[in-house]
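The structure that follows is given in the form of structure tokens.
In this document, chain identifiers A, B, C, D, E, F, G, H, I and J correspond to the written order of the chains, with residue numbering beginning at 1 in each.
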Amino acid sequence: MSDDIYSGLEQLGRDTPQPQSPEEARLERVPNPQSDVDYCVRFTAPEFTSLCPMTGQPDFAHLVIDYLPGEWLVESKSLKLYLTSFRNHGAFHEDCTISIARRLTSLLAPKWLRIGGYWYPRGGIPIDVFYQTGPAPGGVWIPETGVAPYRGRG
Amino acid sequence: MSDDIYSGLEQLGRDTPQPQSPEEARLERVPNPQSDVDYCVRFTAPEFTSLCPMTGQPDFAHLVIDYLPGEWLVESKSLKLYLTSFRNHGAFHEDCTISIARRLTSLLAPKWLRIGGYWYPRGGIPIDVFYQTGPAPGGVWIPETGVAPYRGRG
Amino acid sequence: MSDDIYSGLEQLGRDTPQPQSPEEARLERVPNPQSDVDYCVRFTAPEFTSLCPMTGQPDFAHLVIDYLPGEWLVESKSLKLYLTSFRNHGAFHEDCTISIARRLTSLLAPKWLRIGGYWYPRGGIPIDVFYQTGPAPGGVWIPETGVAPYRGRG
Amino acid sequence: MSDDIYSGLEQLGRDTPQPQSPEEARLERVPNPQSDVDYCVRFTAPEFTSLCPMTGQPDFAHLVIDYLPGEWLVESKSLKLYLTSFRNHGAFHEDCTISIARRLTSLLAPKWLRIGGYWYPRGGIPIDVFYQTGPAPGGVWIPETGVAPYRGRG
Amino acid sequence: MSDDIYSGLEQLGRDTPQPQSPEEARLERVPNPQSDVDYCVRFTAPEFTSLCPMTGQPDFAHLVIDYLPGEWLVESKSLKLYLTSFRNHGAFHEDCTISIARRLTSLLAPKWLRIGGYWYPRGGIPIDVFYQTGPAPGGVWIPETGVAPYRGRG
Amino acid sequence: MSDDIYSGLEQLGRDTPQPQSPEEARLERVPNPQSDVDYCVRFTAPEFTSLCPMTGQPDFAHLVIDYLPGEWLVESKSLKLYLTSFRNHGAFHEDCTISIARRLTSLLAPKWLRIGGYWYPRGGIPIDVFYQTGPAPGGVWIPETGVAPYRGRG
Amino acid sequence: MSDDIYSGLEQLGRDTPQPQSPEEARLERVPNPQSDVDYCVRFTAPEFTSLCPMTGQPDFAHLVIDYLPGEWLVESKSLKLYLTSFRNHGAFHEDCTISIARRLTSLLAPKWLRIGGYWYPRGGIPIDVFYQTGPAPGGVWIPETGVAPYRGRG
Amino acid sequence: MSDDIYSGLEQLGRDTPQPQSPEEARLERVPNPQSDVDYCVRFTAPEFTSLCPMTGQPDFAHLVIDYLPGEWLVESKSLKLYLTSFRNHGAFHEDCTISIARRLTSLLAPKWLRIGGYWYPRGGIPIDVFYQTGPAPGGVWIPETGVAPYRGRG
Amino acid sequence: MSDDIYSGLEQLGRDTPQPQSPEEARLERVPNPQSDVDYCVRFTAPEFTSLCPMTGQPDFAHLVIDYLPGEWLVESKSLKLYLTSFRNHGAFHEDCTISIARRLTSLLAPKWLRIGGYWYPRGGIPIDVFYQTGPAPGGVWIPETGVAPYRGRG
Amino acid sequence: MSDDIYSGLEQLGRDTPQPQSPEEARLERVPNPQSDVDYCVRFTAPEFTSLCPMTGQPDFAHLVIDYLPGEWLVESKSLKLYLTSFRNHGAFHEDCTISIARRLTSLLAPKWLRIGGYWYPRGGIPIDVFYQTGPAPGGVWIPETGVAPYRGRG
């Protein structure tokens, strides 16, 4: 049973206050109980929101994060709190998307990681940002995200 | 054969210059060859564009026009030229949509007419405008437009 | 067994030459074997094509025909040959759609009939034509056609 | 517990041979355990198949059956066997669809029943048959079937 | 602020054990803070599961519950626990769907309620169950559920 | 030209600070330039977010607002700022949805208004809230919102 | 006829009690009657459910299993019982998905196997787990699963 | 004109009786009129049906066959009759799918062939079978089949 | 400005009679104004129709043509007239699809060309034909056509 | 914080007049704040419009631009103004699409860039143009655009 791997966690199953910024957020990790095989974990966050650093207006994105865990898994409640912590944080689309990738990469030392940021349109022209840490290792299954393209109206 | 009904037209099958404003555009009509029955004609214009009167920036809309012809049909090439004539014309979403309905109603005296203007989002929140001249006459088939709602991303 | 109702047919199960015009086409009917109940029959013809009477260029339409049979059913092979006979026939969208309805109504004396003609775009703006013989009788099930609206690109 | 209502059944939970014709099939009914309220039951049979009585070639249909039970429910395994019994039976589209409705109506004396038969295309033009026993009683929820229309290719 | 209306609740925000049967489950209600207007609340439970009372095999359903609150709202966490309590409970499709409606109706005395149970196919033919307490009151907005019909394969 | 109707506005085309709460937000209105006809205006806000008053966690919704303007139109930039002002405001789903309707109704005195709040799932079971001020006036075109139902996975 | 390969099976065609845990479940195998060619078999289990080991709450997943059989095929009824045995078993998403892959790999010694676990969202962020035993052998057809991405609302 | 290549055919354009088993069916071939280029031909058979050899119950599949013709094309009417001949034939999913591939391969000696069998669900878990004769030759266009995955309900 | 490249054209902007056969059609070419880069041009012809050489009945296809221009572009009006010229021409599916590819290849000497012919079903089983002149040159973007697979009904 | 990189911009956050031609438009660039990693940025412009140089009629396209930034990012407001500047500019489909790619490539010196131009149909046959600067660098994530193919009607 893999319960013990969660014994050091400080947020799971507790009444955790919402962190107010990415810096304040405590991303936690647990040992990967299946670390002897290569597999891919995908998180989909359809509710990501941050602020524009120029105007203070809210920005929204649909994020898809794929990674191949090495020794560590990200603990999912802490990931949720971390992503939510951008709510009142100012960041550009490109910086924001890629800094999430960097933070996760730094914490987890994954075999591979990628992030897709599908931002809501501003001025009619949406921006998508796609990043991965390098070529995907051979022989691992990493499906397309299948996110529908933006189509305007009609 | 219904060819003769088009004999008075001035734009169909000719090299017609693009009108530069709605006022300049010549909307033409032809006698309805099936005026003894009630039926509905739908035009779909996925390429409508006008200018914002405040900022001069282009606006875009997907328009659907349904009408029940009385004595007259709108000639479709002149309709296309008329719609295209808004290209460099300033008009708000509500005004623009409804003024097209008024112009067609005035020209055609249809038994009934409606227009749906599905405008592209500005600031993340699209506006749709729906207008009809009154309750649809009973016993006529007027299908829903089926235009998909705006969904943002993801 | 309802086989006998087809005994007078001249085209079904035979090597029938393709009629060259709607006038030449032989629309056939058979007695309605379920004439004591009201029900709706829908034909979908996604391959309809005719010619533009002004330019001779081909036009295309997706047709949906709904009717409530009275004493007669249309024989489906003869219907197909009739629809195919428009292939080299010149007719405007409105005329073409509604004349099919008239021919069927005349042959079948149905309790009710409607036709939807969803024409391919010319000049970027498609025309749809919707006609029915009158209000649908109450208490009969006539589903929406569900044909997807035209959307341009993207 | 409503188990007892099934005590007289002869096919449920037994090794039942496949009936070879609709006549041979034993449609069974059980008392409606909720007969004091009006509700709608929908069966969807995407695998219906019969034979053309003229040519012996197989026909296929997607069937949707809605009914408002009165004193009786149809037993679902016997319904499946009944529908399957058309496999080697010759019947035209209209007859076949409506005779299923008649058989069920006769057995169940439902408050209301309808059937939609969505037949696969032959010669490029599919036929749909829609029947109901009369107007639906007021105040009962009977959703649209939502079956997608035939679209040809592309 | 409407916080006080939740002050009597015993499950919300607490560590509540999963009830082992519908009887054991504590459905809770709170005063409707907007009881002076008519509105509709929709719950969608795509993860409902129960057991077949004949075979003990699991059944699955996608449930949609619409109701017009009167004096009471259902507390959503207790609803979730109630629905989850069917996990090891034996019940037929019709009974199960309608008994949920009865329990909610008894607790909430809503102005109106309906439930749609879309059950996964067994033997290739899925059953849907649709129930409402009576005609919907006029002038209230109750959209279609829009659940896609079952289509088999391909 | 309808420019003058905007002459009293204080936020449009200016550098407006983001209001920090719904109370602080300045919803503005402009005279309806087409007040002699009945038509429907639809706003879609796919990026709405507020906080849970119990836990402080963010909630998300896709909102659709339809109204029939009387003497007044809502100014769209002020509507956007108003909706954005819920970002750090605690409100339950039902309260939040309906209070937006009340605020708009109070400001605009529309002939009719409705709102649909499609909230993201919490605990696997999403809540939708549907409200309208009363029966829609006859003879006005108010299309279905067409928002796709929640389906879980797969 | 390939019937004989099933002669040693103990569950197929019998009244088999539902196993109460994965350990108790008897996964069975049969000789691969087509073992001289490489082909892929796909199972789709849209009804998988287990319990969260921390909270005891039910989790749900849509599973897709692809494998290239070597000497053995998995017997499909025993597979269904095995998957159902997770119903009251506590397991994390990653462990659960991958342990199914391991059990099948151990039993079948397939040439290749992969599993996709598409888990229902908890906290708004669903997790997908993708695993395969290694690179797919060249020259075998293994289509994409085509499972639609999670999209939230609207 | 390529008419002559069909001169030896015995079924095309004739009144051919339906074969009663795969063995009885006459699959015919014609010379490939474009044998100097490599191209792919796809047949889609959404109406395939056979019998379960254990229970005699009907099974259904949606088949997609892709092949690169060498010297021979399969004659399409004979292919249809061959596929239809499985109607009363008992065969397991894997055997059935792959034996069709073997028969076509033996007749046609294609440069390459693959078959996808998408079987309707039994017991909630559909099986798909994918087979190809070997790696596809380089430089030939063989699109994905695009068949939608099974999704259960809702 | 690239206008001059069209100076030798005989059909563009003129009143061109519809050619009555592919042989009669004048496919025209213009110099590629961007011949120093590799790019792909896609034409989609959803309205292609020809005749069956055996029966004279009309066939329909949705065609997608991709090519990498070398020194020449195909002039699009002449392409349209060429494709339309098959209207009364007898040709089998395979011959027809591939002969279009050959004619274009011969005229344009493209770096690469492919054609997809998605034919409407006859006898319930549609045929698709896929051809390309050889492996696509590396480093050029040639997206999938994304044409939806045939699905029958339901 | 990356604010400083925008300090030299002349259009962002200012009242910028709409440029009247591509030549007049000021495309601006900012230093790439994440230039030490390879990532892909996608812009989607569903509202592109230009004029036909032969007839002066408006053309419409849905554009998707993907690029791998090197030292520079394109400033998105200036990109929008640049694309809008084609509104009254005459250009052929191929020229227009590729000249946008050239202008961006010249300004940004990206590691790689591609553009897809999905043009609205004229004469029933839409043209798509696909271009990239060369093979995509290995190990970077560049998803398919997923733009739906053109389908005509029905």
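Note that in this section contacts are C-beta pairs under 8 Å (C-beta built on N, C-alpha and C of every residue); 3 or more make two chains touch, one makes a residue touch a chain.
Just so you know, these numbers come straight off a predicted model, no measurement behind them.
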{"item": "Path length in steps (a step moves to a chain that is touched) from subunit A to subunit J", "value": "1"}
{"item": "Touching both subunit F and subunit I (chains)", "value": "E, H"}
{"item": "Number of hops, subunit A to subunit I, where each hop joins two touching chains", "value": "2"}
{"item": "Contact-pair overlap exceeding half with A-J, pair selected from D-J, E-H or H-I", "value": "H-I"}
{"item": "Separation of mean Cα positions, subunit H and subunit F [Å, integer]", "value": "55"}
{"item": "Cα-centroid distance, subunit E relative to subunit G, in whole angstrom", "value": "30"}
{"item": "Distance between the centres, which are taken as Cα means, of subunit D and subunit C, whole angstrom", "value": "28"}
{"item": "Chain centre separation in whole Å, for subunit F relative to subunit C (CA means)", "value": "45"}
{"item": "Multi-partner residues of subunit H (each touching 2 or more other chains)", "value": "44, 46-47, 60, 62, 120-121, 123-124, 126, 144-152, 154"}
{"item": "Which chain pairs touch, all of them", "value": "A-B, A-C, A-F, A-G, A-J, B-C, B-F, B-G, B-J, C-D, C-I, C-J, D-E, D-H, D-I, D-J, E-F, E-G, E-H, E-I, F-G, F-H, G-H, H-I, I-J"}
{"item": "Subunit G - residues contacting subunit B, complex", "value": "149, 151-152, 154"}
{"item": "Subunit I-facing residues of subunit J, complex", "value": "53-55, 92, 94-95, 98, 114, 116, 121-132, 134-136, 144-152"}
{"item": "Of all residues in subunit C, those that touch subunit J in their complex", "value": "44, 46, 60-62, 118-124, 126, 147-148, 150, 152-154"}
{"item": "Parts of subunit F lying in touch with subunit A, wherever the complex brings them together", "value": "17-18, 46-47, 49, 56-58, 60, 84, 87-88, 120"}
{"item": "Touching residues (chain side subunit A, partner subunit G) in the complex", "value": "1-3, 6, 12-13, 32-34, 37-47, 62, 64, 69, 73, 76-77, 79-80, 83, 138-148"}
